[in-house]
Structure formats: C-alpha cells, structure tokens
Amino acid sequence: APPAEEGGSGSPAAEATDYRGCIVSDSGGFDDRSFNQSSYEGLKMAEQDLGIKISEAESQAETDFGPNVDAMVQADCNMILTVGFLLGDVTKEAAADNPETNFAIVDYSDPEFTDNVKPIIYDTAQAAFLAGYAAAATSETGKVATYGGMNIPTVTIFMDGFADGVDYYNKQKDANVELLGWDKKSQNGTFVGNFEDQGKGKTNTLNFINEGADIIMPVAGPVGLGTLDAVIEANADGKDAKVVWVDSDGYETAGKAEEFILTSVMKLMGNAVEDVIKTDTEGKFDSTPYVGTLENGGVALAPFHDLDAAVSDDTKSELETIKKAIISGDIKVESKASPQQ
Amino acid sequence: MQRIVTGNALVSVLAVVLALIAGGILIALTNEEVARTSSYFFARPQDMLGAAWTAASEAYIALFQGSVFNSDGSTFARMIYPLTQTLTVATPLICAALGVALAFRAGLFNIGAQGQIIIGATLAAWVGFSWHLPVGLHLLLVILAGIVGGALWGGLVGLLKAKTGAHEVIVSIMLNYVAINLVLYLLTIPAFQRPGSTNPISPQLDETAMYPPLFGDTFRLHWGFIVAILATFFAWWLLNRSTIGFELRAVGSNPHAARTAGISVTKGYVIVMVLAGALAGLAGTAQVAGTEQVLTAGVAASFGFDAITVALLGRSTPWGTFAAGVLFGAFRAGGVTMQTNTGTAIDIVLVVQSLIVLFIAAPPLVRTIFRLPEPGQLTAKPRKTATTGGAA
Amino acid sequence: MSTATATEPQQSSAPTDIVRNWKTPVILAVLSVLALLVFAIGAPDNSVTFRLSAPNDALVLPDIVLSAVVTGWVTAVLMLAAAIWSFRLVRSGRKVPGWLVAVFAILFIVGFLTWVVGSARTPNVALYGLLAGSFTLAVPLIFGSLSGVLCERSGVVNIAIEGQLLFGAFSAAVAGSLSGNAFVGLAAAAIGGVMVSAVLAVFSIKYIVNQVIVGVVLNVLVSGLTGFLFSTVLSSDPARWNSPPRLPIISIPVLSDIPVIGPILFEQSVVGYLMYIALAIIYVGLFHTKWGLRTRAVGEHPKAADTLGVKVNRMRFMNVLLAGVVAGFGGAFFTLVLVSSFGRDMTAGQGYIALAALIFGRWNPLGAFFAALLFGFATNLQYVLSALGSTVPNQFLAMLPYVVTIFAVAGLVGRARPPAASGVPYIKG
Amino acid sequence: MRTVVPTDKEQVGWGLKLELKGITKRFGSLVANDHIDLVVQPGQVHSLLGENGAGKSTLMNVLYGLYEPSEGQILVDDKPVTFDGPGDAMAAGIGMVHQHFMLVPVFTVAENVALGNEATKAGGMLNLDDTRARIREISDQYGFEVDPDAVIEDLPVGVQQRVEIIKALLRDAEVLILDEPTAVLTPKETDELLGIMGQLKADGKAIVFISHKLREVKAVSDIITVIRRGKVVGDAPASASTTELAEMMVGRAVSLTLNKEAAQPGEETFTVSDLTVLSPTGQRVVDGISFGIARGEIMAVAGVQGNGQTELTEAILGLQDHVSGSIRLEGRELVGKRVKDIIGAGVGFVPEDRSVEGLVGTFSVAENLILNRYDRPPFARGLAMKPGLIAKNAEQYIAEFDVRTQSAEAAAGTLSGGNQQKVVMARELSRPLKLFIASQPTRGVDVGSIEFLHKRIVAERDVGTPVLIVSTELDEVLELADRIAVLYQGRLMGIVPAGTSRGELGLMMAGMNAEEAQAQQAQAEAQQTDVEGGEE
C-alpha cells in the first residue's frame, strides 16, 4: 500500500516545510540542457511554489548512481526523483527496500516497479512528428537532417517521430524531402557518441549543410549548441539554415541563434515533476505512470517565434489538423523507442 | 628521531595535508557565504574567515563521514557503512591499477585499462545473464570470462607492439575508443538488451553469477573485494616471486640485458599486456557481477584512467597500488556524500587527489614548504623514467 | 700500401648484402586483395558524385562523377599491380620506394571512398565539406601535438597535452567572457597553457618527478579544477562567465577563392592562421635555427649539450613553457572558434589523440601535422558517411578513425625512435 | 668569443698556463679529489696517470666547469677564475675531449661542432655552411679526414674522436684536455693522434693527456703526474719505466704478467664456419668467418671496436637476426636457436657493455647473479622462484669473486664499474660451461682485479672449456690468448699464434692479412730496432 498517506493529512502548506524532495541526476549532470536540467528545474519550481526543501546529487558516472540514491534515502527524503533509464535498476531496488519513501523516475518505466514509484515518461515522437512535418514543409532545399547524442531510445524517439513527420509530408504532398542522419528502418544514423562534445555537433551540422540540408534537429543536449554555432556561421556565409531544438523551447533557453530556431520539440518535464511532487505533498501519490502526450500537453511543438513568417499558413493549419489526428489516434506515430507501459 | 621527522611517512602525511588545504581554499573561494561576507571583509574580516573555515571544514567532515566513519549513523552498521562503501569503490580500481602497474614494471605505459575493463565486463556480463548455471560454477565462469575479455584486449596491444613495434600508447588509446563503440553497438542488439526493451542496458546478471555480499545485504561490499586482495597478492607473488615477474621486471628495467640473458622481450610485452588486461577484466567483473549488476556503456566509469594515477601513486608496487586504490576509493565514496550533504561539487576530489600525488612525488617541495631539514642521503641517482614509471 | 683505408668509415665501406624485409609487400598484398574483394567485386552498381564546389563559390568546378564498379576495378587492379611489383622489388633485394607506397595509399583512398560513398543511400558527397571538416577537427590536435613536439624534443615527456588544451579552452572562455574581447581570451588561453606547463616543468625538471606521473596527474588536476569551477562559478552565471565572443573569420582575398582548398586553408580564424605560423616556426626553428639545434641536442644527449655550454634545464624549461603557449592556442580553438562556451571536459580526450599523432608523426612537426590531418579526415569521413546513410552501424563507423590509426601505426609506421633523452631528467654531477 | 691577447704571455710567449690549487671534490662522503695541485704549461703535454676511480676524470670535469669544486682554486695565466658551467671554461680557452664521447649520435658532424657555438644568419637561422668551412679548414690543417655532413652514429669511433678534437679547436682552445682518447683507437689511429698532439703542442697549446696505456704516456708526455685515491702521488719524467709508473699508481708492486701454463688443447668442440652476419641495413658486419676452438684453449679476437667482434659474439649467442653459415658446439648447430636454448646448451657470455647488456641496474646483486638461470633449478621450480637459494648463491659468489657491495640485496647499478664486471663474470663462471665467451672481460677494472679475473679465465680453460675472448686491449689479448684472431671490417685477417708481435697485430688490425703483416713487420724491424713490446 502507498505508505506516504499518513503524511498527507493536515494542511499542505504547514506540511510542506518539512517535506523534502530530492533528485539524483544521471551522468549528464543538472546542466545538460536536457532532461536532467528540466527535471531539476521542476524540483526548483516546487521548492518555490510549494515551499519544500530540496536536496540534489549529481552523478558523474554510473558508479555514483547507487551511492547517490542511497545518500538520498539516508537524508530522509519524502520523494526521490531519479532521471533516466540508467537509474532504473537502482531506483527499483531502493524503492523495494524503502517502502516508506516515494520515488519518481523520468524517462523510464518498469513493470517490476513497486507501487511507491511513479514513472514519468513521454511519447515524444508525437511532437517530433509535427516538427518533421513542419521542417519538410519549410525546407527550401528538400533536405532536412537530424542527429543524436547516442543511439538510445530517449534520443531516437525524437528522430523516429521526425522521420515519420517528413514521410507523412512526402506522402501527403507527393514530395520528396530527404532526411539525412537517420534511417528509421535500420535504426541507424549519425550520433556524436556523447552529450558533451559541442565541436562534433558543429562539425556534423556543417556536414549536413554541405550535403544540402537546411533544417537540422540535434537531439544531443548541449551538443546542440554546436549546431547553433554552425547555423550562425552558415547564415553569415549566405546560406539559409535553421534549427529544430528539442526538450525545451530553444528560443527561450538556448541563449543564442534564436532567430534561426524554427521551432522546438518540447518535453515539458518541469511541469510534470512539479505536479508529481504537488500531488505527493497533498498525500495523493499514485504509481500509475505519467505519460506526456500531445493530448495532455506533456509534449508539444513550440511556437515559431521569429520564423513565424517562414512557415506558411497552410502548413500551420495542417499541423493543427495533424495534431488533432494524432490525439484522436487517426495518425499513429510509432517508434521502437516509444514508452512501453 | 631525525629519521622520523624527515622520513617518507611524514612527507606523505604532509602532502595530504597540503592538498587538503589547497582544496579547502578552493572550496572556500567559491562558497556563496564566503563571497557574501567578503564584501565587508575589511569591516569584519572574521566573518569571512569564519565562513571560509565553515565551508571547507564541513566539506571535509562530510568527505570523512562518507568514506570512513559516519558518526551520525543510527546503527553501528550505518556508522561503518561508509568504510565498506570505500572498499567497494576501491575494488575495481585496485584490480585495474594492478594491471597498469604490472605493465609499468615491464616498461609499458598502458593507457588502455578503460577498454580492457569494458571488454572484460562485457564478456563477463554476457556469461552472467545469458547462461544459466549452478551457483559457484556460474560465478567462476563469469570471472573467467572477464579475465579472458580483458586479456584479449590487452594482449592485442602487446601483440601489436611485439610484432610491429606499434607504440603501446597509441594502440591502447585507440582500443579504448574501439571498445566503447563495440559495447555501444552490442547494447543495441537484442542479445544484449532486456526482453521488450530497447534501452542500451543489459538484463541483470543471474543471482548465481554475482559476487555474494561480504557482510550481508546491508552493505554493498561484495566478494569482489576479496578477489581484489587475492589479485594484489597474486600480482605481488608474480612480480617478486615468480620467474615470469623476474622476466617482466628485467624487460622493464633493462631490455638489452634481458635479451642477452635469454629473456624474450617481445614475449614479455605480450605476456605483461595479457596479464594487465586480465586484471583490468577482473575489474570489469567487479562492476558487472558486483556493484552494478548490469552491463551499460558506462560500466567502466573512469576507473581505467583513475587506475593510471592509482598505479603511479602506488609506485607500481602491488601493495602500494592496493593502498592507493583504497585511498582513491575513499575519496570517490566520500565525494558523493560531500556533494549531497554540503553541495560541494565532487570535482574537488579530483583536485585534491591529483595534488596529493604531485606532492608525494616531490618530497623536496613538501620539505621546502614546511621548512623540514633535508635527509642525509642526497646522492639521488637519476632513474630512467621514460616508460618504466615509478618502478621502485 | 694499406694505410689509406684506416681512416675511412668502416661501416660504410663494408660490403652490403640483402636484408629482405617482406613487411611492406605483405601489407600491400593484403590490402589490395581486400580492395579487389570489396571495392571491385563488392562495388555497388552506382555512380558516385564528388562535389568539388559549393553552389555559391566564386569559382565553380564541375562535379566528379565516377562509376563505382569501374573505379573499384581500376583501383584494385592498380593496387594489385603495385603489390606484385613491390614483391619483385624485395625479391631482387631492393627496397620498396616511398612513392610507391604513397601512390598505393592514394589509390586505396580513392577506391575506398568511391566504394563507401557508393554504398550509402545518397551516393553523392561534398568533397570540399569533407575536407574542410577534417581540417577543423585536426586543428586542436595539431596544436596539441606541436606542444608535444616542443616538450619531447627537448627531453620532457608531455602527457599533459589534454590538460593544456582543456585549461587553455577554459581560460579563453572565462577571460573572453569577462572582457568581452576574443583576443583577450586568446591571450588568456596562452597563459592558461603556460600555467599547466609551468607545473609540468617545475615538477619534472626541478623536482625530478617522473614525467609521466606529472603529466597524467596534471590532466586529472585540470579536469577537476575546471570541472569544479564550471559547476560552481561558470554555471551560476553563464552570461557573465561563459559566453565568450567568437574570433572573427578572416578570409584572405584571392587565395580563399581557390576551389576546394581555398575556403579550407584561407578562410580561418586567427587561431587557424596561428596554427600555420606555429607549424612553420616550429618546423623551421627545430631544424634550421640555433634554438632548434640546442633543443634537439638537449633532448638527445643533454650531457653533450651541457659540455658545450648549453644550459640544459633552462632550455627544457623554456621549451616546456613555449609548448604551453602553443597548446593554449589549441585550447582557445575550442571556446573561441569551434563553439562559444566552455563545457566540462570539452576536450574529450583530444590531448591523448594529439599524443598519438605526435608519436605517429615520429616527433616531427610535419609528421604530427599529417597524422593529425589523417585522424581528422577519418573522423569526419565517418560523420559524413553516417549523414549519407551508410549501411554500416554507426558504432562501427565511429571506430573508423581509431582503427585507421592502429592500422597505420602497426602497418606503415612501426617502430619509431623517440628523442633519446625524452623522459630522462638531467641532473648535473 | 675569446681572442688571444699576446701581452699576457711573456713567460713562455704563447699559449695559456693553467694552474690548479688545492682542488677538492667530494661526492657525498666520497672524496674523489683531495687537495690536488697541478700546473699545466703551454706547449707541453701533461699526462695524468692513475687507477680506475683515482679521480682523473673528476679533476678534469672540475677544470672544465662541469663540476663545482668543493674546495680549491683554478688559475688561468695566474688569474683566479670560477667557472659556472663549461661555457665559462670554453670562454677561458679550455677545451675537453671526454672519456665518453659527448656527441649527439643523430646529429651530423657539422651540427655537433656547431652546437653551443653556432654561427647564425639573420633571425637566429643556423649558418652551417660557415661551420662546414671551418671544419674543412681544421681538417686540412691537421690532416683529419672528416665529412661535415656525415651522421655521427654512422662514423667509426676513430673519426668521432677527431670530431671531438675539432670541436675543441674550433672554440679556440688553448688548453686541451684529452681524457682517455686512445681507448678506442687502433694502434695506427693512436699513432696518428699522438702525431696530432705533437702538432698542437708545437702550436703552443697546453695538453692534458689521460691514458691507462703507459707506453703512449711515455711516448708523448713532457711530464707525468700520478694520482692515487684522489691525491697527487708525485710527478715522473717520461723516461720513468713502466713498472715504476705502475707501482706509483697502485701503491704496491704489481705483477703485470700472468703466469699461465701452456694450453693443452683437446678436441675442437666449437666450430664456426662461413659465418656471415648482416646488419639491419644489409651490411656484412661479419663476413664469411671460419674458425674453431679446442677444449682447453683460449682464442682471443683482437681488433678495433666496430669491426664485427660484437656481432660475432652476439651471433654465437643467437642475438643477431640475419645470420648465415654454421656455428656448432659439440656437434649441435646453434644458428637459428633461441638465446635461451643457447645459454642452456652451456654457453657462458660476458657482454662487452656490462651496464647495458650484462646487468639489470635496478635488480639486486643476488638477482643479477642468476639473471640467465632464474627459471632453472635450483633457483626456480615451475613458476616459483626460491629466494633462499638465490640468496645463498649470491653469498657464495660475492665472497668468491670479492664483489664489494653493501649487501647481496643492493641494486647492481650502485656498484662500481669493476665490481659490476665481477658480478657478470661470477654469474657466467658459476656453472659448468661448454663454451665461454667474454667481451672486454676487464674493461674498467683495476689492476688487482684484472689479475684475479684473468686467473679465473685461465682456470676455466684449464677445466677444458673452449674460451673465446674479445678485447680491444692488445695487452690483454697477448696475455690471455693461446691463439689470436684478428678481425677487420668483418673479415678474419688471420689466426696467429700467441707470441705474435704487437706491430704485426697492429698491421692486421688495420686491414692487412697475416702474411703481409708478417712480411712488413719483418722489414720494419730490420730497419730499426724498436723498443716496442720489449717489456713483456
């Protein structure tokens, strides 16, 4: 039975002062401009809005996961938030050993989880599909590209959705927009091999531009900053290149090249995290997975901001239609990497 | 008395003290409270100094509590838990560092421990989760697989060096990258993935394939640590008491004389790299069959690189390496606690560790700083240091 | 009667015999059989396009279109012929000439490129982009290995290249951000590199600590220090600490309009030009100046240099510091040219690759330069291939540069002779 | 650079006078030079004599600014000077040719000569042409034949020697220190060098000459100073007899000759036929050699270093790669066998350079004493070594060979040269042998120890082992050999009996075959009765 219920009685505000929400990052750290950072920001929001205490542990390597989660258990956390599939086993074990503590894990779910674990997962492909369609419709050269940090499901789900969106556009418009950097069928493509090396992101992006792509979607955390640098350079060089950002709205968060960010495939983790904590402080914790979709707004396509004019109104309305079709299930966005609940 | 004052032990202690002071200064300088109080430093300097002291000392206390003894622990088990944690982290570090040290003694600079750990861990994990065998036998085969994997990867370096003269530094660096990409690939194929998942993470190893816990389930410390002790003993015996070790040391300190004495230098290179790889592979088993229990791309953490520093700090002797491994394990384990308890970035541990090694390696510097008298013996003989490392 | 012979060099007048070295022919044979099987028999039924110019270049060259099958067969047969010829040369007691190996290598690369691009989903590649990217990837490696050359030629092993690059990158980012001036960042990078060098020099020259130890430990130290400052200081206010302005790209008129190589070589940031300058100065300096003669002497036989009044340790000290400047510039490339912020451990092991390039290039600045270029090429090739949709899993493509290096080192370079006194501290009697 | 100022030279009119007063040099507790006084006059050859380790080189290093004296003063033309490094000494007009050549092996002659004294063009660019021209100039003046563009490591030692002298002369050295310059030269090259020294002397240079070869010292010196244990024992004129000088050096009467029985050669168990060894670049460093050694016989190979002796001995032990022909020991072919098996077949081997090939410096004396038997009973069983037996073995041989070491556990590298040699000899002679090969068996060993080691070699012969000795010391060859083989440029110039004259051997060492040499020597002796070789 969910054990945290006792703590739930009484007024939330008074309770909140004792409540401790804790987070353990995976090896990307809290400054990864990706899921660690978003989750961390969610916790920070909870700290501000709900007045809870927070603790954080940044993992440097996989060997730190166990000790970090352990340290959090020792620190009497009410809720321990872990980030990424790599922490799955550790979370599962710690949850089983500490039934009185609640856990939440981002981007991972496991049927063997005890019922004090809440998975927070995203069907990112849905939003990426829209981005793929928008990119295909906007591309001048008829070539768009994507690359990843590593060949892992949380990355390739973006790429799969993007690929499907491009395909859908081609089918609808009988067009022939090409996608470089990812082949959905063979699940093979361009990866820089890590989430740190911005230089490689830049080199890859320049390669794509040289091969004729004009819209690039990096799915590699901070490595994407290298793509922005490349795109700035290419535009200075007279080319017309754009970027599709991921995770958050790059126009707000990337800190540069805003004018070249066409749109972003957003995974609104912060909100979900804050929600989960809020429910827990209210004593209403439940372990059914939270799945972010277009429908519940967990994933979304960001506005076009400065490049609004570059996207035709037709395309915009088509995107609306597609979005509805995805929500209704008329369009099925499938990815090997889609979360299995 | 004089000997104690100027002796090595004191220098080592002072080296640690110096490194901790330097790290403390860094912690204090970047502390927010210190920054705040420094704005009125000239009005009330004691505020800032107090804040600095608090910042540094709290961090170090947490470091100690996380690595040796936690006085706040609720039970005795919780109190000594940090120590066992230190030994757990030290286990793979010791094994891999022994491999690096062994290679150093034969005059080879093995930067490839990282790759050797990875391949060892991969093979061991595969045997661990895809074979299903009885207790005892299974673990034995897992260990063997790890050893074989590492030995293959290390042996390749030795073989290329022996047959073509390819520099071991280049080859071992390159093989690290090949290894990581290999495991990245393997983790995308179903044979290595969990059923029904496409995450690059292997299934858990069978219970029968894992090192049993050493002190029960409360502690993470597992029998891998005993294996590390045995490995250290083995390395010591091998180096100092066996004919192979004799050959390796001869090849390492004077290949010309070794050749003239009928010892095959090239064979020595292959043997030592096989052994070095085997030890690194053993470190891989400590990861997959001990602490992590699964195979992921990050299974080797940074043990392969830390191992180099550990081996150097241990002066490439087996027991020295063991001690250095435990010290580094303590820093690593304590660093985690320090970070969670005081918010001090764990990178400071790297700074302190490396300063310790530097200071210990340069006793005259420490003596100068503390104005200690020079020891009587001054005729330091220049030792060939190009590749033999601290073969002392 | 027989008095004249005594002063002649004895070895050179000894009769010579044939020592047959079959290594080269065997390697060539293996490679050409491989070429026959893969590039010729396994050729995709495609035509392969190599684009030499971007559409908006000043001077547009036509694309090269090759039939993969024809190119595969032609190159494979020529390679086979070269291999057979080299066997005959060795059998008759002669050496395989260097140019033959070079021609073979070019044929192999042409064959390989045609085959590999032909097998991709899009058999069409921008050669200029491939080369430009290779060059960019090579720049920090070149700086790093030049730093290594300077140190090792004077007798100090420099494992700390990684640390020098990283600290250079860090210093450039911080100083550039604080001052708002990229050139201040550049200067700071040099100073940062020198600081790492100074520790290396003091510990290895003054305190005679094992140079390998100092190098390895310095890398850890710099990684820890920059990582610590990154997470405590830089991350707290990236706009203030970690957003350096970029160095402007200066394109040299006319030269930069040369097709293919123009934009690669003559459209660079200051750091890129500094690399040419450093390469030229170090190469010429090392082999044609007084400083170079002394540097090499100190690295080969310090005692001999000492007996001739050369201050060995001072020479070493200066060179190690200078190496810091060079590596510092390499570090600046990361944060002032390549991208525009510092990231934790952003040099990602490139210092070690530079070390490998230095050894691969046999401690010669030009050799290191070409080794770094080869590495950059192999790295970018695999990126481009993955972008074009290669059928090879990306993890195997990613191994390409490393495997190529191993093959090159094991097969073509073999035993290299380091400066004799490299790593040996000099202690005066 | 220094220019010669004639006004200071009234005393002799030319050159520089050098004076050492009370020079003391300590290394830790070791006093290498103990209050040494010495005056070197221009236009003189001043020889220094002394045992190994007497302190000669140390004194010269002090004089050359390489070592700082612990006490004492150096005066140049009566003016006290202090040298902070060799640069100062060179500037003061002192040049030195070191006992161990100070040449960078991978540099060309010109580069070596230019180093430290570089002629430069604008921007610090080297002007090697200038250096080349000056090398040619000096070469012509003194009859050196040196190619400025040859790489040092390709040159024979004799030429390297000249390069060293050129280096000193090009720096306008007025005082020239020659530390054992003849150790590696042929008799003929030695004669040439002595001739050059005469010329230099005539030019007003002061020369300090160090040599262990008393004959040369007597031939060129104006005055001889003998040093023993760091102290000046006294001066002697060039006319002093060899035995007198030896006695001054050692401090006791020494027997310079070995009383060995005549050989009793038995069956010829070791044969080499048509042996050819190629260097990695294809040069025939050993060229079609055939000979045999009988049980109970010592064959000595004479010749200047670099004429194939090293390769010959290494080929026998299996250390060379490109070997053709046949080497048979008791009927078994050795060519193509591994070193380990050849050692196992009973070949004892003392390599020419003990510190490089003979010993592992960081290993203990005990370990070095079993360096090639570490894996054999009784020292090992299976993989496990037997520390107890190894220690016992060490004790026995340290005592037997009088190895002066702090303990059996001391690192061999800390032993003195002579003692290191004893360790190698002890190791090789401590087991039953079927063939004993020793290169330079007594190099760097003092007179007393030479006596002992020679006796051990003869004893090995007397138990019936064929012995092959390689030595560049003609004295040693003459003393030990039952037969003498001479190698020149990899070829066997002939095998001659023990009694062959020094002059004849010298001619063979310079490339004449046995018959020609005999003929020419006979002719020369007929012309003038020489003192050479008389003392033996």
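Should a chain be cited, it is by its letter among A, B, C and D, assigned in written order, with residues numbered from 1 in that chain.
We take it that contacts are C-beta pairs under 8 Å (C-beta built on N, C-alpha and C of every residue); 3 or more make two chains touch, one makes a residue touch a chain.
Since the structure is predicted, the reported quantities are computational estimates derived from the model, not experimental observations.
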Of B-D and C-D, whichever chain pair has more C-beta contact pairs: C-D
Whole-Å gap between the CA centroids of chain B and chain D: 48
Distance between chain centroids, defined by C-alpha means - chain C, chain D (Å): 44
Length of the line joining the C-alpha centres of chain A and chain D, rounded to whole Å: 76
Inter-chain centre distance, chain A versus chain B - centres from mean C-alpha coordinates, in Å: 35
Two or more partner chains touched - positions in chain A: 58, 151, 193
Numbers and ranges of chain D residues touching at least 2 other chains: none
Multi-chain contact residues (two or more partners), chain B: 181, 184, 188, 345
All touching chain pairs, where touch follows the definition stated at the start: A-B, A-C, B-C, B-D, C-D
Complex contact set, residues of chain D against chain B: 27-28, 317, 319, 338-340, 342-344, 349, 351, 356-363, 367, 371-372, 374-375, 380, 383-385, 387, 413-414
Chain B partner contacts - residues on chain A that touch it in the complex: 27, 55-58, 60-64, 66-68, 71-72, 74-75, 85-86, 88-89, 108, 150-153, 187, 193, 336-337, 340
Of all residues in chain A, those that touch chain C in their complex: 29, 31, 58, 145, 147, 151, 178, 180-181, 183, 186, 188-191, 193-194, 196-204, 206-211, 222, 225-226, 229, 233, 238-239, 255-256
Chain A-facing residues of chain B, complex: 66, 78, 85, 89, 181, 184, 188, 196-201, 204, 220, 287, 291-294, 296-299, 301-303, 332-333, 336-337, 339-341, 343, 345-346
In the complex, chain D residues that touch chain C: 61, 64, 66-67, 85-88, 90, 96, 98, 101-107, 111-112, 114-118, 120, 123-126, 145, 150, 154-156, 158-159, 167, 186, 188-189, 192, 276, 278-285, 287, 306-307, 322, 489-490, 507, 510-512, 516
